[in-house]
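What follows is subunit A paired twice: with subunit B in the first complex and subunit C in the second.
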Partner chain A sequence: MKEDVTKLSRRNFFKAGTVLASGVAIASALTPYDGLLFAAEAPGAKGKWYGIGIDINKCIGCGKCANACKQENNVPKDPFYFRSWVEQYTIKNDGSILVESPAGGVNGFTQSVPDADIYKSFFVPKMCNHCAKSPCTQVCPVGATFETEEGIVLVDEKYCIGCRYCVQACPYGCRYIHPEKGTVDKCTLCFHRLKQGLQPACFEICPTEARIFGDLNDPGSKINYFLKNHTCMVVKPHLNTGSKLFYNALSPEVR
Partner chain B sequence: MEDHLQNLYEVLSKVEGYVYPNEIELNWSILIVLYPYITGLVAGAFILASLERIFKIKVLKPTYGIALLTAFSFMLVATMPLVSHLGKPLRAYEIMITPHSSSAMAIFGFVYLWYLMVVLFLEIWFDYRRDMVIWGNESTGVKRFLYKLLSLWTTDISPKAVALDDRIGYIVTVIGIPSAFLLHGYVGFIFGSIKANPWWSTVLMPVIFLFSAMVSGIALVMLIYIVLTKVRKQLIDMECLDTIAKYLLYILLIDFALEGLDQIHRIYVAEESFEALHKLVFGKLFYTLFIYQMLIGTVIPLLTLGTLQFYKPKAQIRKLIYTILPLLVLAGIFFMRWNVVIGGQLFSKSFYGYTTFKTGLIGTEGYLMAAAWLIIPFLILSFLLWLLPPWKKIETSHE
Partner chain C sequence: MPQHIKRLIGVFAIFIVLFLVMRQVLKPSSFGKLGHFRADAIYENTLKPMHYTVADSCTKCHQTVRAEKDKGFHKNLKCEVCHGPGLKHSLYAGQFKGKELPDSLKLYKPGERKDCSVCHQKNAARIKIQFDTINTTMVHQIDVAEHNPPDLKANEPANCIDCHNPHQP
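Right, the complex of A and B next:
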């Protein structure tokens, strides 16, 4: 008699176990694992959806944007840590390309190539592209970096474990590990200023208005006007990062 | 901090061409080289063990227990280089409690735990349970307590119970083989899925990592078996070694072919990054790639092992070859990891320049720290071999 009870309870155990296991399996099938689909999703923004425009034709390479960023955001002064920097491209008559960015351009630029040898030269300000399908957000193991509803990629430094996977995943070199905090740091589009209705520091200081930002969802915004009236391009479009940093007059040499 | 900055200024003076300013610092250093290296040793050693158990290659019997304990010892340490490399090591647990579902690294934590706890731990436990019960009864003092604790105070060593242990162990091993594949394939995926980095981003990466893992694991067990047998003054089972060498040859061949395919594809399609990578390979990676990884770690072992299939010298000479070859292979695979991890960060993602790898002897990212993480698994293994000597086990047929 006793044996029967054990058998029954064992059978019940298996029954319950099977029901539970198949329940979990069915539930999993109903909500497919979307981790794999990360970069395949279309940006689905309602409300504000920020984009950035940079007009390379207007940039004079003064480097004030890079400097303002360092000051506004307490970015370490050493030349290994940048949220925003400027590159100087010089294409020589022999076809060779020289790219320079001494100290990220914070002190401005001097041209090291004699005028006679230069085919053309221009400046390219760089910063986080605030990608809509940002590879850095995709790889963060704890979700410390995330995209806000407005399409800004931010980092929660209280949560970041400092694994540096996002630094590897960013195709644009826009992230660094803060030497004192041990966590990752990057451009926030001056989120603290945006919330007060101000412009990001680098935009406000630009003397030639080479930098524009605004709401891509607003047809009347400055950024939409900029995109409509210029032939704009993102850097490394083949990577499908959903970059929202659009350059006017972007040369194919720029990477 | 000061040292770190001084180091960076030195690297800055050695930058060639243009790199993004944030790229001057190499973010993943020697510790991250060790991580796939050690994980690979685990997967490789386990697969060798399962050859004996599942595929019934009885001649490998002398290495079964050693392979399992080796896998376990290295597995315990596998994540330590990762954790000690974190900017915030005390937050490491966040990966497990709040994993981000789209992150390859986050899911690795679970793959790792599954493998460590469900596969390795269970397999060893069921394999040793009866012996631990017997050894517990035979010993005294702390050792007795240890055995009792490890066997969870079970006492049943009736043939029926032992047969059940064996059956469960078998099932665990069957689950273990795909798990081992998953474990190391996954490590490859962590690198292979980074589309920003053309040196890493190849769909072959998981497969290459898997086969190189098997190569390194088999070589390690081969070496440990030879050293252990010498230390114990026992006779080396040459038939067993010849068989391991044969498997090493096969797997090394597949590995070589896969890596060759990867490079041939790279050269033929010659994408945007090609020139930058070409310069990298013939410049900063020349010694580690062509000399250490390919010549010493692959071509010489391949030729030697291949020759041994047709021409068998005396046992004494073969023994010598079997002692030296695993060392070459292990060094080769180490440099393969090096070339992937360090190599992948030496060139700028702008493809306009190169930075330099520089690390000191001391410090959390130094060579000594790395050496420590390589030595500790051997200490654990020595302890396990003392506690659970495979050669003192009662013969079970694993049928």
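Right, the complex of A and C next:
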């Protein structure tokens, strides 16, 4: 049987095309892909939308937050696995910048530069910025890390394949590979505590209340009060990550 | 239609059906519900164990200490800042009233120089508030090494709590 391709007239082609297209349209209307519906709404438009504030003026560098984080979340005790840590920035009189973080500041700090050489010095507590447009979730090849509706970046430990892509993508260095689990681990904003109505451990423990946390959608929340009354800035704003960790009195030296 | 085209269509159909079946079996049911991830993972993240409690749970038994602390400079500090995570202690220590606590429930009792120096050791980064021309500190700053150095002859290093009451410094 010899078939002549020219038999397919323009009319028949359009007919078949319309039937196919409408069939696809009806099928997708019957069982819509929920992910698309979810993405259609701008994140943080309703419900809770968590933000973090850190007052550098108030931080005394005791490292209790870093310590509390390690204990609350069973982070390995080795001095290179951190979900939350503290850095001391020292700007010397000659203009050079020294950044120190002995064991992440877990055991506190000792001043290594004599007073006479210091122009200014301050502590910067660091943690996951819980970005609204997070680079780390975008690079995950298996969908093991994601942003929740509340704006918290979480990791699916069962799905993570430990490819370290997100560790490299995070511009703030807030992820690490857990040596025992072999999966990535990061700050969850103590999600298990949040769901019980408690504050994350580092916010609970801060002795000078330098760390503030709350719902950005609630006009009366602590974090909104903090943002209104201080000149706040995020780290690396030029990267447009939609960071929700706001620092008061952030020096441009901090990276 | 030529025979080989028919066969090809058959092979394709088998592959598509196989793909759909495998997808149904392998894809977790909650995947894609809220985006390109397993929605169940959100719930799984809430199941992790807690270690820190809240300050109010200490007051159930330790009212006297709390009342003492509320009068001093340390009134804004939570108990766990110095004593470490205390959820286990707050849940189970009540059963051992008048008896010796097992080691697993004991909380850390700080008071040595290394404990207090975490906040009170003099550090240039801790000078924060400028009041007129004087730099004052939010937390009292001392040089721990020079402040009342321990008597080495007596072989008894002086701890901070030998002189200062940590709950009412």
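We take it that the second predicted complex is superposed on the first by the 211 of 255 C-alpha atoms of A that agree within 3 Å, B and C clash if a C-alpha of one lies under 4 Å from a C-alpha of the other, contacts with A are read in each partner's own complex, and residues count from 1 in each chain.
Here, a contact is a pair of C-beta atoms (placed from the backbone, for glycine too) under 8 Å apart; a residue touches a chain by one contact, two chains touch by 3 or more.
All values reported here derive from a predicted model rather than from experimental measurement.
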Could you say whether A:I212 touches subunit B, subunit C, both of them, or neither, answering first, second, both or neither?
neither
Considering only touches as defined above, state whether A:Y159 meets subunit B (first), subunit C (second), both or neither.
both
So in the superposed three-chain picture, is A:C187 touching just subunit B, just subunit C, both, or none of them (first/second/both/neither)?
neither
First (subunit B), second (subunit C), both or neither: which does A:V75 touch?
neither
By the touch definition at the top of the document, which applies to A:G143: first (subunit B), second (subunit C), both, or neither?
both
Thinking of the overlay built on chain A, is A:C131 touched by subunit B (first), by subunit C (second), by both, or by neither?
neither
Of the two partner chains, subunit B (first) and subunit C (second), which one does A:I223 touch, if any: first, second, both, or neither?
neither
Residue overlap on subunit A between the subunit B contact set and the subunit C contact set?
33-35, 38, 143, 159
Interfacial residue positions of subunit B with respect to subunit A in the complex:
1, 4-5, 8-9, 12, 17-25, 27-28, 82, 85-88, 91-92, 94-95, 98-107, 109, 190, 193-197, 272, 344-345, 348-353
Touching residues on subunit A, where the partner in the complex is subunit C
1, 3, 33-35, 38-39, 57-58, 60-64, 68, 71-74, 88-90, 107-111, 113, 115, 118, 121-123, 143-149, 154-159, 188, 191-193, 195-196, 198, 201, 204-205, 207-209
Contacts from subunit C onto subunit A in the complex sit at residues 1-2, 31-38, 41-42, 44-52, 54, 76-78, 80-81, 84-85, 117-119, 121-126, 128-129, 138-139
Name, in rising order, each residue of subunit A that touches subunit B in their complex.
33-36, 38, 78-82, 85, 87, 97-101, 103-104, 126, 135, 138-143, 159-165, 167-177, 179-184, 239, 255
